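Shared between the two complexes below is chain A, which has chain B as its partner in the first and chain C in the second.
Up next, the complex of A and B:
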């Protein structure tokens, strides 16, 4: 899952620990979760319910719903979520309607 | 339930300018926006970000701080993180904030919900790593995150703007893959008069283009047959330019061929929309003040038709003047006197639009994609599926729902709506106006049961009724 990041990060915020799909990541506190995950080298955020195709953020403005992840059992748009210490994030379920 | 004279949805340039003007004229104003900071798409997080990288983003971006300052000064309640999902009756607005549903009432509403990137369905466009150019800009503005190995695909001023910003940040795009042709530019020269009246746009655009060329970023123009290759993520873009085939490897693809009005909220209120051929999208029918055919519903900014940030600001001010006039806070004479400057400003801003629309038209193959290309990202419905529904007698977007799930996913057709209209219109030989658009009903954004359960609806309602009976 984690490859060398295709992104460069300009800011240097203090980092906090989160878990994405069982992997520990250290992300900038208060950052946009979708941006932070991408900068950490995460490409695939979820697989579609219909064909299982991989998806990642597309619009970054809360409109496309391709960045869905699951946090504490709730499906959320990563691009509308802020990084906080200890977040436990999993890839949204294949059958993951919004709960 | 709280009540305001005016509720503004959207804290971009249109919403901020309108709120400031209305509050100055004595109206109580509430601004709702789902983002955590004021600014909208163009001035995203402007107050926090200017000290960090105002130099990279440029003077046009920094201008946003004047609007956010006005939003703070005036007597305006700006509710951040407020996702508006229903506007009903005249008017009760429901939104979600921090996992809780909230309602507010208003005499009038201004929809300043801005634009969305025009969907650009082409082979491979759903792969991770393929994003809108606007998304690339949001990554830079809000998060200081830059794609190191990106190509820009499509056409239009925004494509040059993001390229120029990437250059200034020290991560130039690997290539510009541009779809507009020499013929488009020649055709656009008939609008040159307007372009010259709005010359500041052209000068800015030419400067950006010059910086891109100077930096040695390869530009391919008049490009066709674009496809993104990759298995689990974007790996390369292939295309034809002239008679040559190209393949450029990359990690990130930024797509852009214009923006279109975000009409979801207006449609849910039953505002009449009509097709704008020059901009290839639906726009709400409005009068000179931004008033729609639904009493009390105003629309300003890119949600009313694409005009850009400065035009949005002027349109917001004009709508606020009319709203204040209707509310009895301003005489008609005073309204007209105050309207003169923003009206002139608006005309100036819109002067160059016909030229820009003609010089940078949408990429035609993405308006009517190949059969195998998915157009509905949520439910993975392809262009071929829509064509097959048309063969079975489907003539309008709402009927497609009887055949398949296009437009029924969480994005509610925001990205496939115009594609479905265009494909059906093309297949049936009817106009986009005859073909129509998805019927939009609340909730405009998915609401969870928890959010509904947390909503305090009945209590304030009953309390108010009791008061009325006293």
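Up next, the complex of A and C:
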């Protein structure tokens, strides 16, 4: 995972621990998950189910469905999700269809 | 005369006919509606479908078969001309059944139709276990399915886009945002739009979907078409989990699953309803239980264009010779027939398909 991110963080929010695709990350509590993951150096959130093309956040407003991640077995838009302590995030549909 | 043909209606039906006429060297002007129009071409289920059609009129079944048989070739030609692929799969499709009784009753009807079609009706009945081999995600409530090998599905939005591009490429004029208010025939045809646009043409095709109900009578047609609403649901894009389409669900080329569709007689109302959508979801989950965990990303309603018996109408006006009514429920399935075969009928050539049973005579009060 890349560590140098072109995205900067503005705040000094308290940090919480989350796991993304097996990697432990420390993200600002209450932050927008898509923004926080990008600031942490995650640019590829998932690969598309049909062609396997890489995808990351695009619209950041809940419209494009490109920033999908899986949390507790449910596909969610990262840009519509708030960072909370202990989130376990996996790549959407990493293991195939709805299994 | 400004143009050989004016086509009123720029949906899949109108554009298919326009494409076929342009290919024969005719000049064509298409008058398309606006975003306020009811547009079945943008809201449909995308099936290229044969089974269950024409149970009471074998000619409708064979007309659908004719179109399905030349669909791939037609789509390839449009795609080749425009560089815009039109995803199509014709590996068969299912009629899923939740009870042995409905399955047997449907098979009995198919057997009758098969005999009327001289045996050309390639279907097989799959019991639950055989179906599960084909569709591992099928649920326990599905007792079986009829697999019809002439069925398939396409990406209807890409068809619409490519067809519109190819019509323009061949020199067709497509005027958008036009509401046709009147058609007269002082000499040639004189078509007037709400915004003052006037198009004159040698012939005119009325393929305006539900709009034909209003315009048709002014041109000497009965045009007894009515709306029937279909609501649909769209899931997130998923890895392949449904191999063949059915009327309940299909997985499109881009990975999303389209779940359909309601059949509601609610007039010109294309909204979605909570009861409509939850009913669709329940049926889809009964067929494919894993869908219970799928995220839904969209829903919409669209209006089918139905004649009283559900069959297409192909009619030349006796009041205004040279005016043709072309309307059908299955504009996607019939796109290839409308593009490749129907122009022969409009042009009155020896190669014209026999469309007698689709005339408006069948609606005569007797």
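Simple rule for what comes next: the second predicted complex is superposed on the first by the 92 of 99 C-alpha atoms of A that agree within 3 Å, B and C clash if a C-alpha of one lies under 4 Å from a C-alpha of the other, contacts with A are read in each partner's own complex, and residues count from 1 in each chain.
Rule of thumb we're sticking to: a contact is a pair of C-beta atoms (placed from the backbone, for glycine too) under 8 Å apart; a residue touches a chain by one contact, two chains touch by 3 or more.
Note that the coordinates shown come from a computational prediction; the quantities given were computed from them, not determined experimentally.
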item: Which of chain B and chain C A:38 touches, first, second, both or neither; value: first
item: Which superposed partner A:65 touches (first chain B, second chain C, both, neither); value: both
item: Which superposed partner A:48 touches (first chain B, second chain C, both, neither); value: both
item: Which superposed partner A:16 touches (first chain B, second chain C, both, neither); value: neither
item: Contacts of A:73 with chain B and chain C, given as first, second, both or neither; value: second
item: Touching both chain C and chain B, counted on chain A across the two superposed complexes; value: 48, 50, 65, 68, 74, 98-99
item: Chain C-touching residues of chain A, taken from the complex the two chains share; value: 48-50, 65, 68, 73-76, 93, 96-99
item: Complex contacts: residues of chain C adjacent to chain A; value: 137, 236-241, 253-255, 290-291, 293-295, 297
item: Partner chain A, residues of chain B touching it in the complex; value: 34, 36, 41, 52-53, 83, 116-117, 126-132, 134-135, 138-139, 142-150, 169, 171, 232-233, 251-252, 262, 377-380, 409-411, 414-415, 445-446, 448-450
item: Of chain A, residues touching chain B in the complex; value: 6-11, 31-32, 35-36, 38-39, 43-45, 48, 50-51, 53-66, 68, 74, 80, 82, 98-99
